[in-house]
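In the two complexes that follow, chain A is the common piece, with chain B as its partner first and chain C second.
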Partner chain A sequence: MMTNPPQSFREASARLRVQGLLDAGSFTEWLGPARRITSPHLAALDAPVSFDDGVVVGQGLLEAQPVVVIAQEGLFNGGAVGEVHGAKICGALLRAIEMRARAVLLCVDSGGVRLHEANAGLIAISEIMRALFAVQAAGIPVIALVGGTCGAFGGMGIVTRLCDALLISEEGRLGLSGPEVIETVKGVEEFDSRDRALVWRITGGKIRRTLGEATMLLDDDIPAFRAAAAKTMGDRPRQRGLSPDALQTLEAAQRRLEARATLDPGIRDGQQVWQQMGLGEEVALMDPAEFNRCLEARER
Partner chain B sequence: METLHLELPSLQDDTLFPQTLLHGVVSSGNLEVLVEPGPDAARCVFEVQTAAHGFSEVWQAVLRDFATRHPVGGLTFSIHDAGATPAVVSLRLDQAYQSLRSS
Partner chain C sequence: MSMNVNVSKKALLDRLFPAGHAVSEVGQVLCGWGQTATGRVHVIGTTAHAAIDTRIALALSAAVLRVVAEDGNHPRPIVFIADTQGQALSRREELLGLNGYFAHLARCVNLARNSGHRLVTLIDGEAVSGGFLAFGLLADVIVALPGAEVRVMDLRAMARITRIPYERLTELAGASPVFAPGADNYWRMGGIHALWTGAEDWAAQLQALLQGSHEDDRARLGAERGGRKLAASVAQEVLYGHG
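Right, the complex of A and B next:
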C-alpha cells in the first residue's frame, strides 16, 4: 500500500491548513482575498497589507459535519491581530451560532496583538473572547489547533486557553509573553530566547500537554490534526447550557491545579517538571502517541 | 509603498478556467499574488504594490518575461510585495500559474 508523505502543519500556509483539515472541496471562504478588505492602519503607516489581512475564515465540512474554520497566517506580521483580522475572527465565531455549526476549528498562529494597530487589536481580542463564550454557551465546541511557526502567544494565547480543547504538535508553542518579550523586559539571564531547546521546554507542545493545558499532543502532520479534530468533535456532543458533569469537570480541573501548585516553586524548566513526576530523559525522545499514552496512564 | 500598473500582451489559453486564486504570503522577502479574470483576452494586467521603492525597471523586466513564457492573456495579477527578490517574484508567479492550471 502506498502511504502518503507527511504534510507538515507547521510548513503549510493558513490556506493549505484549511484545505487539509476539511473534507475535500467543502470549504467556502467568507470575505475572501478578492474582496480586498485590508488593514486601513497598515496602509496609513505605508506598510504592506495582505488581501485577507492574515486570516482565512469560512465554513466547510469535517467528516460531513458543518463546521466553521478560522486559520491565522503566522507569516504575515507574525499572525498578529489587527482590527480587520480580529473582526473576521469575531464574525466567524458568531456566524457559527447562526448556522448551528457542529464545531469551530480555530487554527491559532499568532504572536498576539498587531503593534501597528494596538488599541484596535486589543479591543478585537476582547471581542473574540466574548464571541467565543457565546459560541460555547450555544453548545458548540471550539477546538484550538496550534502547530504553526508563531505558536499561540499574547491575547491569542489567552483565547487558546479558553477553547474547549487544544490540539498541539511538539513544534507548537503556547504562552502569554513570548520568549523575546520576556528577554527584552527581564534580561537574558531570565530567559534566553535564542536557546531554542529551552524555549520549547518552557512553551512547547510537550510541556503544555504535561501540565494539562493541551488536550492532545500530535505529529506535525495535517491529516493527524484533522483526525484529532474529528475525534474531539465526536467526543463532545452538542449541548446547550451546562453539561450534567460540569461540576465534576470543574472539580477535576481544581484538583489538577492543586496538584500543580505542589510542584517545587524552584522549578524553572520543563525537564525539572518531568523529573519531579518521576519521568526521565526518555520523555524528550517519545513520539506523540507514546507520550499521550504515558500521560493518560498517569492521569487515570 | 510604491504602486505599479502594467499591461502586457500575452497569449490566451482557452483551457485555463479564469478564476480567483491567491498564492503566497506577504512576509519579509516574499509576496502574495491574487489572480483574477482580466478585462482583455489579449493582454495581461499587473497591479503591484511594493515596499521596495525604485525598482520599476526590474519589475517590468520580470513581469514581461512571465507574460512571454506563459499564455496569461485575459488575467489580472495583483501583487502585494514585501521586498521579494526578482527570482522569488518569478517563482511565485510561476507557482500561481501552475495552481491555476491544476485547479
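Right, the complex of A and C next:
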C-alpha cells in the first residue's frame, strides 16, 4: 500500500479526479461528452462551450461500494453552474436515491453561478439544494471534496456546507463572496484579493478545518482524498428517513453558530483566531495530519 | 397590531391580512403572524433590501426553528417576505463562514417543510443572489409582487466580468430570459410561480396558495413556459438514462 506516487488533486482535471477516487475501471459516466449536450446560452453569446458543460457525473465503486460521483471542472468557466451543468448535478443526486448508492462524492470546484446564464444558474443551485436534501433524507451521505483551483464559492459554497462531511486540502478554499468581489465593491482596505496569504487565512482549508466546517484537512493528493472519502463513508452507517432529533440537531447548530458570531468584532483574520486558541506561527508549518491531530486533541 | 414595521411593509401586511396581523421588525428582520380566512399564518422576512449577514441569517433561522418547535404536530403555513440586495460583503463575515450560516438557514427551512409547514415566498422589493438562495428561493411557492427586482447581478457589472459588451447584452436580453434581471424572466424560467399585479385581491390570492404540493416543480414549469427548455429533460435523462 501507500507506495503510489503523489497525484495532485488541484492540478488534475475533473475526469482524472474521478478516475483516481474510484476503484480502477469502475466508472460509468452519465450523459458524457460523446453526447455533446452543450449550453445553448453560451453559444448564443459566442462563448466557448464544453461537451460536458463543465461537470462529470456518473457511478462507480469506492472500495467495492456503489457510489455516485459528481465532479465540476474548474478549468471550464470557473466550474460555474449553468442550466445544463446544474441539471446534470440534480439528475445525478436523484439517481443516487434510485440506485440506493452508498454515498455521493461531490467534487466542488466552482465560483458559483455562471453569469452568462445567471438566472438559470441561480434557480439550478436552489434545485441542487432541494435534491441534496432528498438524498440525505434517503439516508445517503453526501461527501464534499474541495481542493481544485476555483475552490467552492457563491451558491456552491452554500451547497458545500449542506453536505454531511467536507474533505478539504490546505490549498482548497471555501467561502461565499470571492475576495475579488469584496475588494471591487468595498475597497482594497476591506479585502486585498492579491494578498494570497491573507486570502488563504480567510478562505483556506486550515481555517475552515479550525472552525469545524471541514471534517478533515488533507494533502493535495488524489489517493489521500480517496482514502478519506472511503473512511468517511465507513464511519457513516446508512440511516433511512429523517432523524427524529432533526429539530434538536438544528437547535444545537444554531447555538454553535451564534457562539461563533460573538467572536471579538476586532477579529478579521484567521491568524487572530489561531492566536486566540493559543496557536501561533506553527500553524502554517504543520502538515495536514499533524494539524488534524492537534485540533482533534482540542475538540476532545 | 404590528410594531415598528417600515411603512411599505406595513402597507403590504395590511393588504395581505385585512383581518389583522402582529409582526415586529427588529434590525431589518420581520417576525410575527397574519390572520387569514382559515387561521393564522407565520410571517418571517426581511425589509429595506437587507444585505444578509450572519446576524440576520441567525435571526431568520432562529425564527424558523421557533415556529417549528411551537407548532409541533399542528404546522401552520409560513409566509416569507423576501427583500434582500444579496449577501453582506465583508472580510469578517467570510472569516465567520457566512456560507455556512446560509446553509444552516436553508436546513431550517427544509426542516419546516418536512415538518408539514406550507412555505410561500412573496418577493417585495429586491431578491438578489445569495440572500435569495438562503431562504426565499427554497419555498414551495414563490410569488413576485409588482415592482419586485430579481437578479444575480446587474447587466453593467455582468458585461464587465464576462467581457461581453453591454449593448450586446441588452440586445440579447430582449430575446432570452436567461441572464438579464427581471421577475418576468424568472417566471418564464419557472423560478417564480406567479406574478401578482397591483389590482388583484392579494389576501384571496395568498389564501389560495396556502395548500398544495411540496414537490419541486420549477424545472417542469420552466419547460412549459419555454424559458428553460433543458433543465427538466437533462435531469430526467441523467436520472433514467443509460449513459
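We take it that the second predicted complex is superposed on the first by the 279 of 300 C-alpha atoms of A that agree within 3 Å, B and C clash if a C-alpha of one lies under 4 Å from a C-alpha of the other, contacts with A are read in each partner's own complex, and residues count from 1 in each chain.
Rule of thumb we're sticking to: contacts are C-beta pairs under 8 Å (C-beta built on N, C-alpha and C of every residue); 3 or more make two chains touch, one makes a residue touch a chain.
As the structure is a prediction and not an experimental result, all values here were calculated from the model.
Enquirer: Specify the outcome, clash or fit, for chain B and chain C once both structures are aligned onto chain A.
Expert: Overlaying the two structures gives chain B and chain C room side by side.
Enquirer: Of the partners chain B and chain C, which touch A:E190 in the superposed model: first, second, both, neither?
Expert: In the superposed model, A:E190 contacts chain C only, not chain B.
Enquirer: Quick one: classify A:R15 as touching chain B (first), chain C (second), both or neither.
Expert: A:R15 sits against chain B, while chain C stays out of touch.
Enquirer: After superposition on the shared chain, which partner residues are touched by A:E299: those of chain B (first), chain C (second), both, or neither?
Expert: Touch status of A:E299: no partner.
Enquirer: Regarding the shared-chain residue A:E281, is it in contact with chain B (first), chain C (second), both, or neither?
Expert: Neither partner.
Enquirer: Which partner chains sit in contact with A:G32 here, chain B, chain C, both or neither? Use first/second/both/neither.
Expert: A:G32 contacts both chain B and chain C.
Enquirer: Specify the partner with more touching residues on chain A, choosing between chain B and chain C.
Expert: Here the partner covering more residues of chain A is C.
Enquirer: How many Å separate the nearest C-alpha atoms of chain B and chain C in the overlaid structures?
Expert: Between chain B and chain C, the minimum C-alpha distance equals 13 Å.
Enquirer: If you lay the two complexes on top of each other, which residues of chain A touch chain B in one and chain C in the other?
Expert: 32, 47
Enquirer: Taking the complex as given, what residues does chain A use to touch chain C?
Expert: 28-32, 37, 40-41, 44-45, 47, 57, 83-84, 86-88, 90-92, 94-95, 98, 113, 115-127, 129-131, 133, 137, 153-155, 157-162, 174-177, 179, 181-182, 185-186, 190-191, 202-203, 207-208, 211, 213, 242, 246-247, 250-251, 253-254, 257-258, 260-261, 263, 265, 267-270, 273
Enquirer: Flag every residue of chain C that touches chain A in the complex, lowest number first.
Expert: Checking each residue of chain C against chain A gives 54-55, 58, 61-62, 65, 68-69, 87, 89-104, 106-108, 110-111, 114-115, 129-130, 132-134, 137-138, 151-153, 158, 161-162, 164, 168, 172, 176-180, 185-186, 189-191, 216, 218-219, 222, 228, 230-239, 241, 243.
Enquirer: Considering only the defined contacts, which chain B positions touch chain A in the complex?
Expert: Those residues of chain B that touch chain A are 1, 20, 22, 25-27, 30, 32, 34, 36, 49, 51, 78, 80-82.
Enquirer: Where on chain A is chain B touching in the complex?
Expert: Answer in residue numbers: 13, 15, 32-34, 46-52, 73, 75-76.
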